[in-house]
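Some structures are shown below for you to check.
Paired with chain B in one complex and with chain C in the other, chain A is shared by the two complexes that follow.
Our next item is the complex of A and B:
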């Protein structure tokens, strides 16, 4: 008797969420199979790769990344250049200078920058906050307003500030709301429930379920993503069917394997190679675990991951 | 040395001397001044407030005290140091647990009904309500120069003849008083005899004229509350019932804090004294006075308490109970009599202890399980004892499984800013108007009693109502605004139940987001324990045929609301029954019935103990349960329909 392979596709689907507008708009999610299980069913929207810059501009970048942006005088120049790198699907601007415990830049200053960047590139945009929940509530509210009509991703609403961020990004300005939780399937689900109860449509939510650099408690990340996808697909849990976007860069470039200079750690070899390796390894792993988009920093990593995705989907 | 004066609202006062820099709470403890300090003096709970009425204290203002209160002289005693002569007022609420000792009016049929029902349930399971104690009248031939048998042999022979026993033993107490009693009564006496087949032991000897009454004492030693009964051992009749706060409370609200306290120098003695000398003996005296008996007529005692309480009661080191691998000194012991522990009853009275089965499942649960009679039914029953520790037993006549979860003191009002135990002034039930957000509540106490705080059942109602009215999110955060909803300078929301003008308290009675969060954790611990225990058996909640809820906390519990907040599984409300203090009714059965005593050991041996901390899924279930009603809404279908 001939062997007939049985398709492992599910009746449920991950929500398809569009980021950006016009020709450059992209869609993530929409699949009804496990990550890269194209043999079960074609994957409609391949995972997407974003590149990240920060309000800190060149000084905030490690030397090896600075050289990729040679000749850029401003953050806007960097944004323009970033948009030209091979494999970039979207641009993420991280407003880390807003942190009251850091540079504590004013909301006005940062929003002006967001406006300039948005005017300079036509890629879909992701705006990341400074990680201080109170400041982010204000910052991301204003960012959502400034980017009205751009269908940007506001990353992120957390349990502590979801009311402000969700109401602004999701209800008032119809952006895509990023929902960030800390590596726990239940917390991810709870935040989605809170956002939908607030009135935000589940179709315009993407999740950042939390991440870590490979080797840093990473098995929790993988198991959380695995379980989120399993609940979304096999149990048709509508409160977990949002696509996952994972900011890899901000984790990876802070760990010693990527940050320690070659002078400090000669036996570890070239710093750039190490950093890029960490970024690629982490990104590949979160994609395999179920992320629908990753945010990276080094153009080389973007290129490699983008190629990997094209080969697999 | 400085003079410290503690004044009470009833006008009494206590004066002690203390050195410079001594902590006020410590000074109060040494002077036996009861200041409620559930957090053991860690400045965490804010319960140990006193009012400075003279002199000075070096005292920081903590977050529990508003500027206004501080200006009025309110201080937390645990953060106050003595720097001079000082006079403080100890508010009544702080000494509430002591004044709460009450001897129940046995006219109330409700009280007796629970014991009657337990007795009937156990009896219908085939357990005979008989014990080995009886009074035997003995007449002996008086001795003479021709009849020179010593007194003890004379009595032994006579008892052998009267009881048909082949082996008779006289207790030391009998030997001590024998000569006097026999001669005073012309060798016509009554003996209190314990009979076991061919063997008999004479516990006491009384002259024929004295009124012989064989009484027994059943005690439930709870972490928070101690309840007791004195019964007539010949017919099971209840002669007196009483309860009081556990005097150990001032050494911490939960078992862990008490174990830490007993580790200190002289700590074991201190904790044992707190339970026996300060709590049990006064309770026994009060009950004996009310029943018109002498404490020495109490010939047997049965204690049901959690493992830690049992250890502290006996005075053995409880530290291993707390430390992995959680091994207590004993599960069962039959070697203790009243005089070993200084209990104020017949000195040679045997003390029965309901057996422990694990570090966190103790005699209160085995006694409670005995009383619940789940071991005698085919029905799959879940027995829940809501206390500082939540304990669960699930099973039927074929098997039983038990586990314990740390619910924390929230059910008893601990860790809740306006929380209190279910005493006078506690809000025990509440409804809220969805449109106006105005509350209506029921308060413990006499008509006209003003609210003082909120007890466990009140918190269940309030949270359920706040959630139903859309005032709080499933995470317990405020999402509506109104006159009764406030936010402090840190943005923390709270709901005001009673403004201070309407309350018998120094500040508004409110429930804060932190309180709600604490309570959600407590209910999450209970619900996740239920789920994990059932799933370890490959069962789900639909297989539960009845739920028996016990615990002093549960008396006013609204089962519908408890399901609404996801504390209990969403099954038909008819399946839930509140069975009162099952630990005490179990202790009563063990005391009165020899067969029940054997049965509880049998029940304990047949119970499997599940250590939840070894269950990998417990943490996950717990996080999922810390949501109203639950992260997985499909577990609460009856709420979705509404």
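Our next item is the complex of A and C:
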């Protein structure tokens, strides 16, 4: 008697959201099964992998990533190079230099950079803010305007600034609005509801439900994503059916397993390997929990996760 | 799975003889249903009925014990598909593989590397718990038996990967007291393999060329009376192995198919085909989705640090917060003259706060209070993190004797404690930190500038 599995496909679906335009445009979401459960039903749009650079250019990268960008003189050069790495589906530029508590670069300077990067690459773009909600409101508003017609992802609107960011990215310039909440299904749902009440179409929202590095309270990330997918699929909750995009890169390279030098922790061995494995293992876990896209930093991580996804879908 | 009292009553002798101590068979059945008494208390319950009852009340997934003595560990026994539903009970275990096809130098190097990863993380020992010893027929039996002996000397639980029952029998005989796992029963050899495994009283791993053959072989072994089994997710492809691991777990938990209810073995080493980074990704994937044992080609610190952290997170009880040991944690090369920063012992708080403090590069003593493993505001609300408890903790730990600095930074969220703390800890300057951990880097730099 052969094995008979009950199908686990659902009547509801995750929204399919397209990022970018033209030949290089990609679509995430659209599935009616749990992550990688292709035995229940084919998954049309495999999860996508993005690579992240920052306005800080080479200086802002760990040494092991700098060497992958050898010969790049500017952020634009890095963007061009990043677009050529194997497995890259989209490019993310993080404007962390805008942070008033950090370098406090002006909005004009950063938007000029976004324009240059957009002109240099034809991949779908994600623009990430600097994590300061006031500055982000201004920065992301201008970024949405600058990228008009590019169908970029603006990451992200938060509870504190969703009106500005949502109205600009979602209503005025028809970009994809990223909705960021902090590892809690209720907060994620609330923000989606607020954005749709503002008039933003639920079909052009992607969620960043929050993340952590493996080992750093990652159980909350897993349970949040598990529950979001369960609500979206088994309870057909339309306010949680947005695909999930997870910026892994900005978390993993700061934890000590990745950041401690080999001189400080000789028994841990090669620092690059530790960083790459931290990024890969965290990314594999968020994908298994339900992310439809991940943003990574090391070209080797991008290649590996892209291979994993191809093997699974 | 719980059986109702009435269902049990239907199976009972209905004699109301009171010999079990209950006034009626109905009352007895209700107690059995609640788990208050064992059905064995009734002398008249037929064997048939008992078997039926045990079958119905057994957990959906078997708990399998492997290893002996201090190496003993339990696998499986899971009751849910997602950790928020209840708790994952038996964590994934990791094995490193060696094969008799390797030359001696390679084998020695791999076995020597096994004990190297061994450290503690939040009260849990993290190490390579198992060694997978693979049999290569072309290299012959003797070489394999030598390898088994060598691997056994490392002192970890062995998984003997061998589908030749005769060789397996000799290999098992060498190490049978250490209760290894024998992996390699399949559609053509399961009877002989079953005899080897049951003879030694060890768990048997079952393989199949596809999910149907696997299922049928498990069913055939169950028919032979062996329920001390493990499911090998196979090495055809990553996609198939994932499908097997997930579908068996789902069928066992959700659909009550007992034939699927065994712990799993995932040989990521075969699936990754020599790609070490892909293997790391697979280790993570199968820790998330239902691998009880994950076999890897190598497991150094680079792979282990995130992997064991992930496992520790996944297998925590959602109702019990993770705690770190209270005490003084000197960071960034701090000494007794360095400034003090205090917070609670909730693991997440500790990791976030200590991570940011390390990034600031400022030497400081992080003092972790005993706050019952709760977060700052929760423990404050529960009275477990107050001026009183901090004062008491400082006395218990003799902080004033150990540290000369008299500057104490407290979390911004409990700024209200400042006045009271100044009264309770005379001589200390109480400084209020920002509300969010991300602001700590700048704050600490400014503070000590």
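FYI, the second predicted complex is superposed on the first by the 309 of 313 C-alpha atoms of A that agree within 3 Å, B and C clash if a C-alpha of one lies under 4 Å from a C-alpha of the other, contacts with A are read in each partner's own complex, and residues count from 1 in each chain.
The criterion applied here is as follows: a contact is a pair of C-beta atoms (placed from the backbone, for glycine too) under 8 Å apart; a residue touches a chain by one contact, two chains touch by 3 or more.
This structure is a prediction, so every number in the text was calculated from the model and none was measured.
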For the three-chain model obtained by superposing on chain A, do chain B and chain C clash or fit?
fit
In the combined three-chain superposition, what is the angle centred on chain A between chain B and chain C, taking C-alpha centres, to the nearest 10 degrees?
70
Is A:189 contacted by the first partner chain B, the second partner chain C, both or neither?
first
In the overlaid three-chain picture, which partner chain does A:16 touch, first (chain B) or second (chain C), both, or neither?
neither
Does the superposition put A:131 against chain B (first), chain C (second), both, or neither?
second
Touching A:120 in the superposition: chain B (first), chain C (second), both, neither?
neither
After lining up the shared chain so the two structures overlap, which partner does A:282 touch, if you call chain B first and chain C second: first, second, both or neither?
second
Touch test for A:163: chain B only (first), chain C only (second), both, or neither?
first
A:197 in the overlay: touching chain B, chain C, both, or neither? Say first, second, both or neither.
first
In this superposed model, does chain C or chain B come into contact with more residues of chain A?
C
Looking at A:171 after the superposition, I want to know if it touches chain B, chain C, both of them or none. Which is it: first, second, both, neither?
neither
Can you work out, in whole Å, how close the C-alpha atoms of chain B and chain C get once everything is superposed?
6
Listed in rising order, chain B residues that touch chain A in their complex are 473-475, 479, 620, 623-624, 626-627, 631-633
In the complex formed with chain C, which residues of chain A make contact?
1-3, 5-6, 8, 36-39, 101, 131, 213-220, 222-223, 226-227, 230, 254-257, 259, 267-270, 273-274, 276-278, 280-285, 287-289, 300-301, 303-305, 307-308, 311-312
Of all residues in chain A, those that touch chain B in their complex
159, 163, 184-187, 189-190, 193-194, 197
Help me check something: in the complex, which residues belonging to chain C touch chain A?
82-84, 116, 121, 211-212, 214-216, 219, 237-239, 242-243, 246-247, 250-251, 254-255, 260, 275, 277-278, 280-285, 287-289, 300-303, 305-310, 312-314, 316, 318, 347-348, 351-352, 355, 358-359, 438-439, 442
